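Here the structure is laid out as structure tokens; the discussion comes afterwards.
Here the chain labels run A, B, C and D in written order, and each chain numbers its own residues starting at 1.
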Amino acid sequence: MVEITYRDAVIRGIAQEMQRDEDVVFLGEDVAKAGGVFKATVGLYEQFGPLRVRDTPISEQAILGAAMGAAMTGLKPIAEIMFSDFFAVCFDYIANEFPKSRYMSNGQLKCPLVVRTGNGAGSRFGAQHSQSVENWCMMIPGLKVVAPSNPRDVIGLLAAAVRDPDPVIFLEHKSLYATKGEVPDGEIVDTLGSAKIVRPGRDATILALALMVPRAVEAADKLKAEHGIDCEVIDVRSLVPLDTRTILGSVSKTHRLFTVEENPRLCGWGAEIVSIVADEAFYDLDGPPVRITTPHIPLPAADILEDAVLPTPARIVDRVKTTLNG
Amino acid sequence: MALQSDRANGGSGLNDDIGEAKRLELYRTQVTIREAEQRAYDLFLQNLVKGTSHLSLGQEAVAAGFAGAMQKGDLSFCTYRGHAHTLARGVSVEKVLGELMQRDNGLMRGKGGSMHLTSADHGVMGSYAIIGAHLPIACGAAWRAQYKGQKDVSVCFFGDGTTNIGAFHEALNFAAVWKLPVVFVCENNLYMEYTPIGDVTAVHNPAGDRAGSYGLEKIVIDGNDADAVYRTARAAYDKARAGRGPSLVECLTYRHSGHSRADPAKYRPEGELERWKERDPIKIYRERLLQFGIGEKVIEAIDAEVRNVVDTATETCKAAPMPPMDILTTDVYADGGWAWRN
Amino acid sequence: MVEITYRDAVIRGIAQEMQRDEDVVFLGEDVAKAGGVFKATVGLYEQFGPLRVRDTPISEQAILGAAMGAAMTGLKPIAEIMFSDFFAVCFDYIANEFPKSRYMSNGQLKCPLVVRTGNGAGSRFGAQHSQSVENWCMMIPGLKVVAPSNPRDVIGLLAAAVRDPDPVIFLEHKSLYATKGEVPDGEIVDTLGSAKIVRPGRDATILALALMVPRAVEAADKLKAEHGIDCEVIDVRSLVPLDTRTILGSVSKTHRLFTVEENPRLCGWGAEIVSIVADEAFYDLDGPPVRITTPHIPLPAADILEDAVLPTPARIVDRVKTTLNG
Amino acid sequence: MALQSDRANGGSGLNDDIGEAKRLELYRTQVTIREAEQRAYDLFLQNLVKGTSHLSLGQEAVAAGFAGAMQKGDLSFCTYRGHAHTLARGVSVEKVLGELMQRDNGLMRGKGGSMHLTSADHGVMGSYAIIGAHLPIACGAAWRAQYKGQKDVSVCFFGDGTTNIGAFHEALNFAAVWKLPVVFVCENNLYMEYTPIGDVTAVHNPAGDRAGSYGLEKIVIDGNDADAVYRTARAAYDKARAGRGPSLVECLTYRHSGHSRADPAKYRPEGELERWKERDPIKIYRERLLQFGIGEKVIEAIDAEVRNVVDTATETCKAAPMPPMDILTTDVYADGGWAWRN
């Protein structure tokens, strides 16, 4: 066991996989010699050399296209897109190429790659560098989508993503890079598609992802201590595959559902899960399922404004309390 | 449009670096494409080809020349106008027509359709229907070869109109900087869909005049002369295999048919089609064969054989069943299925 | 009154607005001299001339970027993106530029433009030319999103979109171009943000959009005739602004909700509306809200396969019947 | 990096087509940018500038020269590295620092942040943080001018690294084909974020060597000499206003600071910064003024005035309130609000 940052977990996760398999290669803007703008790839260039860790031009389409071509023909590339907002300049690969080529070719082509990216708000970067884009990916058939909330999951899910034979979008939260957590020694390999109950409870289920997980846990602790409401917090971790078993199981126990989403309100992962639960577990629900989200607006830059829009522990507490107490 | 460069003494070459066997192969490939495409058009008129389809009638020499110079293991990346390149790599007419007819015997059993012909076994690593998308993908395949020390070349085909989209620029720069073994082949058939390329492009040769932006040589060749194409291809592949990086080749050619399906191509100025038909690649190549002393009989035998293959394929496809429903949800993911939840 | 095709309604709608306002200009690939690949812009070049109706290179980013710059500075551009799948090659404008510049500039910049596109399946074009991308747009704060189901709405909503001061995504359904409908003479102007009850009913609410509207109506007729189930069919028409009033009103009357979506299953507009209803009208619901969607797969090309994946009247009938009869 | 073209006899020009008043303006603009940027850095160190910020220290001559040659009504399109261009159009230091400090007195009241400075009243039509996005947008503004017969020019600033992204290519071709009154200004400061531009670019001059791809003249100038910049700008604007289409100008320059915020710029080879500091644009321009007989006193007076403006602005911003919560949901839509439902 050792305590490391989420940022260092990214480095360790990539290194673990590159060490294991020579076919794992890594490319992106400023990722090699400079170690990445979030310093989340420092040392990889030195350790694995210029053939396996490569700086690219500012050409997101070339980055993802090249990753795909390499993946199709035998490598296991990890591509970095610096900010997830930039998915918009290479979205054709994410929406139309990666996820469709296996199906269209009736199984002849494969696309085993990982796209890592800095996702989410909290850095006061404004509307074009702060978005949570998990739904941009979840909505596309053929992708897998994960978003770790802590250093251990970073390593384990990254390993699972690299070893997975399908294209995986790996969303790292920018505001978590500096946070710390314990990780076991030695190789860590997790499985995609498993949610984690991070705090068991009886009165309501709260689903959260990435940065929202610690906030949901904090809220749950307060709800217990101050209001006697015992919430089960689930770290969804993987949006595709989605661990509906764990989620439906929890709702069948607590009978109430809350989702805590950082992405803007419309068509988020919360809407998808609420719809699944409303359809498949309607009679388990004792009251309306509630989504707690960022409002449906572009993100403001100023710290004081940005802090006001993302779901906070206080807002979660308030919303859960008011909903449950009628 | 005049030739601006004829790099390898192609068009009129009397030297015999190509040889009879290769010449017959190039001829057979062109005729196969011609006959198969013509058949696809007929089947479309009979409502047996569904969806869309983009023929390469008139552009056969490009496909034949580039494929003819490839080695086994070299990779082709095509567009929606990819039947020709797929056939040129040796994929059977039946498999191609089957896909166009959306039958179970098609290359992808009807799941992909005419715009996405793929035959990994033959090195046809997909046909891509979003303009420009496959140029970066070809770079990636070439990067794999470079990284693994493998000697195959990735060859990427696209049209003149494609040179104006962002992905073209990113791929060319990327390939040049990384010195990748990739060959970019622009088939300049003078039109995007219905709009003349000159109306929407700042330079005369949409690919050739841009090679300099990537530190590459300007190469513009007669795309209707399979020998010229073949020689250019060979040189570009040699360069790629030798680790000397990418090439960008612009082939001047013309499509005899409309852009797709029922397009009557009314936007073409009078006489243009006729002028190009005088330079029909198959006509040119027949004359070439005769010039090299290959007899009419040999040529006619090939013609007959090809026609026979296409006829048989047509009948097989007509008799082939439609794809079964159980393939609908297969091969979304590598486990063979489509489960996005547990 | 005259009966015209959906395709001709597009022409008439654009012409109506170009006639009214000289600042309305139109650009796209093959739209001018050739009249568009769907022949939905035939004659506009002849009528309005080469300065107002312009052919572009194959440069979707340039098309949308140019439309935005023109809109910011005084024109009211209509831009065509030939197939909605190609939104993926210009998604930066749709997700990051159009919808954020007004907010980021604190109201200094404006973006009054319309992006028209051919959306949806049914033409056997395969996975990269058949998608329904309404959720790609609905999920982005700052956009407006409409999708007409008939010729009259095409004209009226297009006029509303052109006159709207915000960026509007206008989704035309490719499989509707050849369909016909009656339209009144003279100018037609509709309003964004209003759903339409196209078939009143008491037993269940069915929401549909674009091509799914006639299918839902057909299903409702069958459900009534053959099973005595009286469904209210609502043509949602406008996803943003969303007419939640009409939707919630209907559910409060019928107590049951079905959505019929062409887009793949995850994070669609159906999920959003189901979540709104589950949250705000939970106690109005007599049973689980049900989404009828295309399965979460890339679209197959073959006619027989494509026909099997989109929601059909038969599938709607079956799903509604089984759900309501327990 | 040597100058490859000095179009308008810029660098050393002793002719006086510029004149004293304009020269003093160019100087004042450069000093204003220098002082304001330096202050932004200090405030960042004091944790009073939040988020990110990208300084143009060392690149002042580009901003001053291009803005100095503009007329009222001309439009600027900037990147995240846009403070300099915003100030150069006459936006107050207070409004810029206010936005960097995320105060209510900022240009956009803290809603946009340092990367999105916008002042429509001054013709600053936004600063764009997605590389390449604003090149097509500038085309659109120029299209409007062309269509309406208005005489303003749209000027679009971006870095060397931006020349490798797809939108650059699409915009340049589009502008050339439509002959739009737009001027593309590439500030080649030798680096993208931390990576030398030469490591990732197939040509030596990332913009200049690509002008030919769009039928444009290669223009590479000394970006540290405000006179050279000014003269080039004037010529490009004249061409645009005369309906002779776009220009692409590459300005050779260097940023003295890191890419953003706390970047220590360790990736720079030893001595590089020092060599460029010898060619500090403000140093160059002071000498130019003296050369043209403008006295030390005049220069010092400007320096003092500017320092005073920046000091006052700093104090005003420090005292300014944070933005109020009620602006959070304003101006999403044109009705002033954010309602996506009824």
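Rule of thumb we're sticking to: a residue touches a chain if its C-beta (ideal position, glycine included) is under 8 Å from a C-beta of that chain, and two chains touch if they have at least 3 such contacts.
This structure is a prediction, so every number in the text was calculated from the model and none was measured.
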Problem set entry | Chain whose mean Cα position lies farthest from chain B | D
Problem set entry | Selected interface, C-D versus B-C, where C-beta contact pairs are more numerous | C-D
Seminar exercise, completed: Taking each chain's centre as the mean of its CA atoms, chain B sits from chain D at a distance in Å of 45
For this session: Could you give the separation in Å between the centres of chain A and chain D, each centre being the mean of its C-alpha atoms?
Result: 36
For this session: Find the geometric centre of each of chain C and chain D from their Cα atoms only, then give the gap between the two centres in Å, rounded to an integer.
Result: 40
Problem set entry | Multi-chain contact residues (two or more partners), chain C | 56-57, 59-61, 85, 88-89, 92, 96, 103-104, 126-128, 141-142, 240, 266, 296-298, 300-301
For this session: Spell out, as numbers or ranges, the residues of chain D touching 2 or more other chains.
Result: 109, 111-113, 116, 128, 130, 133, 164-167, 170, 173, 177, 199-201, 327, 332, 338, 340
Exercise. Hey, which residues of chain D end up touching chain A in the complex?
Worked result: 50-52, 102-103, 109-116, 128-133, 161-162, 164-167, 192-195, 199-201, 267, 322-323, 325, 327-329, 332, 338, 340
Exercise. Once bound in the complex, which stretches of chain D touch chain C?
Worked result: 75, 77, 107-109, 111-113, 116, 118-121, 125-126, 128, 130, 133-145, 147-148, 154, 166-167, 170-171, 173-174, 177-178, 327, 330-336, 338-342
Exercise. Where on chain A is chain D touching in the complex?
Worked result: 29-30, 33-34, 37, 55-61, 85-86, 88-89, 123-129, 266, 295-298, 300-305, 308-309
Problem set entry | Residues on chain D engaged by chain B in the complex (per definition of touch) | 164-170, 172-173, 176-177, 199-203, 209-210, 212-216
For this session: Could you please specify the touching residues of chain A with respect to chain B in the complex?
Result: 25, 51-52, 54, 56-57, 59-75, 77, 92-93, 96-97, 101-110, 112, 141-142, 144, 164-166, 193, 240-245
